[in-house]
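Handing you a structure now.
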Amino acid sequence: MSQESQVTQLPKETITFNLNDRDITVPKGTTVMEAAHRNDVYIPHFCWHPGLSIAGVCRFCLVKVDNRPKLEIACNLQATPGMKVSTLLPEVKEAHKWALEFHLVNHPLDCPICDQAGECKLQDFYMEVGKYKSEMDRPKVLKPKALNVGSELVLDTERCILCDRCVRFEQEVTKTGALGIFNRGDRAIVGTYPDKKIEHNYQDNLVDICPVGAFTSRDFRFKQRVWFLKDKPAVCPGCSTGCHVNVYAKPEVRTYFRVKPRESAVNSHWMCDTGRKTYKHLNQDQRLRFPVATDTTGKRKRVSTAEAVASLVAQLRSVAVQDVALLVSPQYTCEEYAAFFDFFVKKLGVTKVFQWREPTEKLEEFDGLLYRGDHNPNTFGLSEALAKVGLPKDVKNGFDDLARSGAKLVVALAPEIGFQFPSLESQFQRLSELPFVSVWTTSAAAYNVQAFKHLLPLKGFAEKRGSFLNYQGKVGELAHPFPAAVDDAHDVVEVVTAVADVWAHAL
Amino acid sequence: MSVFSESLQAKIQSFLTRYETRRSAILPVLHAIQDEHGWVSEPQIEELHHTYGLDRVHVKEVISFYDIYKDHPVRKYQIRYCKNLTCHMLGAREAICRIKEHITALDAQLGEDGPFSLEEFPCLGKCDGAPVMLVNKERVEYATVDRVDEILAKYAPLPKL
Amino acid sequence: MSEAKPKIILRTEGLPDQRSIKTYVDKAEGYTAVRKVLGGLSREQVIEEVKQSGLRGRGGAGFLTGLKWSFVPKDMPGPKYLICNNDESEPGTFKDRYICAVNPHQVIEGMIIAAYAIGANKGYIYTRWEFQEEIGYLETAIKEAYEAGFLGKNLLGSGFDFELDHYSGAGAYICGEETGLISSLEGKKGQPKVKPPFPAVSGYLGRPTIVNNTETLANVPWIINHGPKAFRQWGTEKSPGTKVFSISGALNKPGVYEVPLGYPFESLLNDEGGGMQAGRSLKALIPGGASAPVLTPTECEGLTMDYEAMAQRGTMLGSGAVIIIDDRQSIAELLKVTIDFFAHESCGQCTPCREGTGWLNNIMDGILDRSAKPDNIERLRTVSRNMGGKTICALSDACAMPVMAFVQKFSDELHAYLAAGSGSHRQ
Amino acid sequence: MATGIIKVAPPPEDKNLFQMAYGYASTIFAGMWKTGVIFFMQITGLEKTNTLEWPEQPATYSERFKGKHFLTRRDDGQVRCTACFLCATACPAECITIVAGQHPTNEIEKFPVRFEIDILRCVFCGFCEEACPVDAIRLGPEYAMAGAAGDKWVYTKDYLADRGQLHGGITSVKEENTKHFTTDHNPRGDDLIATDAPHMRHH
């Protein structure tokens, strides 16, 4: 992203200045705010955002510079050699107190019903520098609330502090310019042109950058209070860009609630709305809850993982290796591919390996910001893994070849993100016509296909360790898994190990 | 089919090329539209957006920001009465009350077709003629409460109060 | 003493057909300065002349004009711009309007010289919409100047081009602030821009831009013609030259008068202004437009009209808008009017100004309808103190300063108004 | 006889059996007389009894007794609760389950689609009452909560807001903080959103 490239292309020469009695060396031309941001000194602010241009309107990041009469805003203050800057002096704190008071003068007391509560800058600063006894004893200015400004958004202009971040985001990042600030003085309200909506695929970023509860996400609206949620870093499985994200869940109820971007070189501060929906399939109502196998009468029934593995091995023994085929979707981690191919290709010598891809996909598509036509997180990794075991690495949908191959037993790693596969159902149908298919999947959709005789529940991307390789081959780490929302779920590595064990002992 | 008259279209075109950037033309264009129509309607903004490439959000922002631009229909005679310091000291408040009385009376008869609308205006920069008001574009000085009646009568017949 | 009074700006005042280029050229050595400059003065020389003269910006801040010009980067390729700030919106100020009505050509000549000095080839005169007549005068003047060959390509064969255009505002006080004016000229909301960068380096469309007040520019031709020394013969050491004052209030002869800086307030009030109207006496004085702190009669004693004397008394000369408040006025009402103005005109960008002016206005409503508590009067000061000096432009100070002065100097009357019900002698 | 600090009363030497019997009998009779009189007074209602015949006679507790919870209402009869989850947050027994939703009407933005208290978990600490910013939940003077197996131990919103004992619900007199949903200077005030109550899983 552009912001990143700026960071990398900064001029060589650096300057040193003093911030809170601590010498800080930064590239020439850096503002005090950036310098503080990079050196973990927190200067309170509303309108400044590392991913956006400088507006300097909230007047909250006031700092004291030695030998200068007035307080200055850190976001537009260039660090110069030898400059002494302080954010701790009483006069600065007093200024912050009043800056906050001015923000709160017309801010409604919506905290009980505001989704931002708990991660709201106004609340945080109020705890820090609040005038606990407000001097405002006059009626507040009222503005329109709960407006529908986009498919993903709800706007409350009364909570808005007019920091201008959303307007700049629309102008600078998405270049759609759908938002403006109308009227002037304390009558100013942010909004879209009458009856026009925000339509792009990056709406929820407005919710993220909004320092208060003016923009709230329609998907997350009222679902949970944020202080109940735990977040863990992960990588978005929505497309081959592999944005770095945080997944938010409430482990006590084993429910996932939202996905938010995490600052990184890959995606800067942003991510698309499609990616934000990748938590839904992790919730229990959409998960395959238990392994399924057939009993002697050939009837489907719930079994333990051990039984499922045993029956799979039995099936494997009953057919010749050249009749075994693997159908692999590019939505699993490199580690999983390694283990999978290690056993089936290297050990068993299976040669029929096909990719499970979406026939309608347009790989070269790109929206110019983040979202890519390849809706799989690990196409790159799969090709690598295939190449490693000496198989063709070219990216193509292998369904037809599979049908022609006359395989009698297929082990299929089904796609995890179902909504990225419009033709998933028809693919299931085609697959179910084959003699024996063992479908390894996270989703309950496969269970509803009666013809599937053998199903193994897998963990979702937020529940396992591993790594994706994005379109550039950059590594995206999945290092902090949540406990699986489904008891019987395992990742491919665990399943394959089990299969290998049984296979070995059965010899 | 354009919502603008031939002459107005020509004017707008000339403004678009007159300044360094197209956007700079927004203010003059809006002035031109208001001189002809008195206010700026949404269809007009839409045409500016689509035909003349003036972004509708930018135009709306400008209209809402500046006092002169109106996004709702206006009366035949818009009175802008200065209520600032000097005019206030020399009797603006009483005159404004008087004008309001007239307008209420007129509106009682004519409703929306009443000839006058009143806007208490920040400042008109003619303090040596205070109290001063603008009727449309015409500046009227010494518009004290005792002269208000005759001044308004020049524009439209007034009912007895 | 009025015959001894110098005329630098209003030289064609009262002459027949005063606005026309003919009168200007015949009677007021019109366009001789341009000839002199284009005839062989270098840019540096022009700037030096103006620096020497000690000419200070007449728009309100009183910044040294020559110094301002010298900030423009010399050898920077690409266009530069000169803008004449004719958006005179400060309540009580109407001098620029009068200058445009009396002697528009001198402004234009001043612009040509200034443009030459900073190397700008495009200029704009930004006039507020309310000055419909004067906009007419300016446009004819510009036309005349083009016909006479003082505007356009290759002026007087010097190879210097200068195009001048007129731009009309749309009713926003904040467009009088130079960066606000630039935003407006770019077709945006008239919201001031964060500084740095300053307009002299990156202004209109990100190009070097100088914004000067109408009166300031009108001074330039005279300085070029007669030299800095002659200019300094009037006014004080730090505030040389003359100043065009606009005097208003309950006077016998309110109007626009050009007098040397340092001119005694007494004579300005009684000679030029013709004294207070019968039966009225001076209650207070606002010496520099609505944003200047108010002065009590005692503070007015021995007051001279120049930047230092005003600063000394904790107020400012501003744009030279002298507002006389007579004894029939209610301070509470005037304070409401002042605050209401700034609350209406705040551009809504910076929080302290947006919310602060609104809050003050809100309190004033309470005081006028007497629903406010007595401590609200002191709160006016607390709020003002904390909104001042914290914003992009000076509007929040412009609101805070007069409020603090009013409340400090007339707090008894305000309390009486709130308590007794009527502080006004009108009812 | 030990003489010292402790004085021991001498045994009744000069009392004969009859005297002793009289002594005991008289006290017994005195006691029975007293009892008899009170018994007579009370059954004839001449004296007030200090016990009551529960459950036929109800016992009333003080208003401040922290008994069974109830949800207060607005003047318009709507449940006042704004589903802010503060009670659930404060609850040490984690016995409160709330599902919030978008209210169909515009006056109220957020409201509890479900509000449940698992009374078997509740410890009657009253923290919910303390935490509530809008005086929506209170602990009332009802104390009798005995029940048989199979009874409803999870109180629903309707039960909490309106059960027989509440006589049509208690209205809290707290004044509303102003909400602004009108269309003036609002380009699209008619376009207020109304989302469905979000679906929530529970284990």
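Letters A, B, C and D mark the chains as written, and numbering starts fresh at 1 in each.
The rule we apply is simple: a residue touches a chain if its C-beta (ideal position, glycine included) is under 8 Å from a C-beta of that chain, and two chains touch if they have at least 3 such contacts.
Quantities reported herein were computed from a predicted structural model and do not represent experimental measurements.
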Which chain's mean C-alpha position is nearest the mean C-alpha position of the whole protein set?
-> A
Which pairing of chains accounts for the highest number of C-beta contacts?
-> B-C
Centre-to-centre on C-alpha atoms, which chain is most distant from subunit D?
-> C
Taking each chain's centre as the mean position of its Cα atoms, how many Å separate subunit A from subunit D?
-> 47
Cα centroid separation between subunit B and subunit C, in whole Å?
-> 25
Whole-Å gap between the CA centroids of subunit A and subunit B = 51
Averaged over CA atoms, how far is the centre of subunit B from the centre of subunit D? Could you give it in whole Å?
-> 66
Tell me, which residues of subunit D touch at least two other chains?
-> none
Multi-chain contact residues (two or more partners), subunit C = 172, 189, 344-345, 347
Within subunit B, the set of residues that touch 2 or more other chains is 58, 61, 65
Mind giving me all the chain pairs that touch?
-> A-B, A-C, A-D, B-C
Report the residues of subunit A in contact with subunit C in the complex, numbered from low to high.
-> 54-60, 62, 70-71, 73, 76, 78, 95, 98-99, 101-103, 105-106, 135-139, 141, 161-162, 164, 181, 183-188
Subunit B residues touching subunit A - in the complex, by the definition given at the top = 42, 55-58, 60-61, 64-65
As the complex stands, subunit A meets subunit B at residues 177-184, 192-194, 196
In the complex, subunit A touches subunit D at residues 108-109, 111-113, 117, 139-140, 142-148, 154, 158, 183, 187, 189, 191, 193-195, 218, 221-223, 225, 227-228, 253-255, 283-285
The residues of subunit C that touch subunit B in their complex are 79, 88-94, 97, 122, 128-133, 165, 167-173, 184-190, 204-205, 246-250, 254-256, 286, 290, 321, 323, 325-326, 328-329, 333-334, 337-338, 341, 344-345, 347
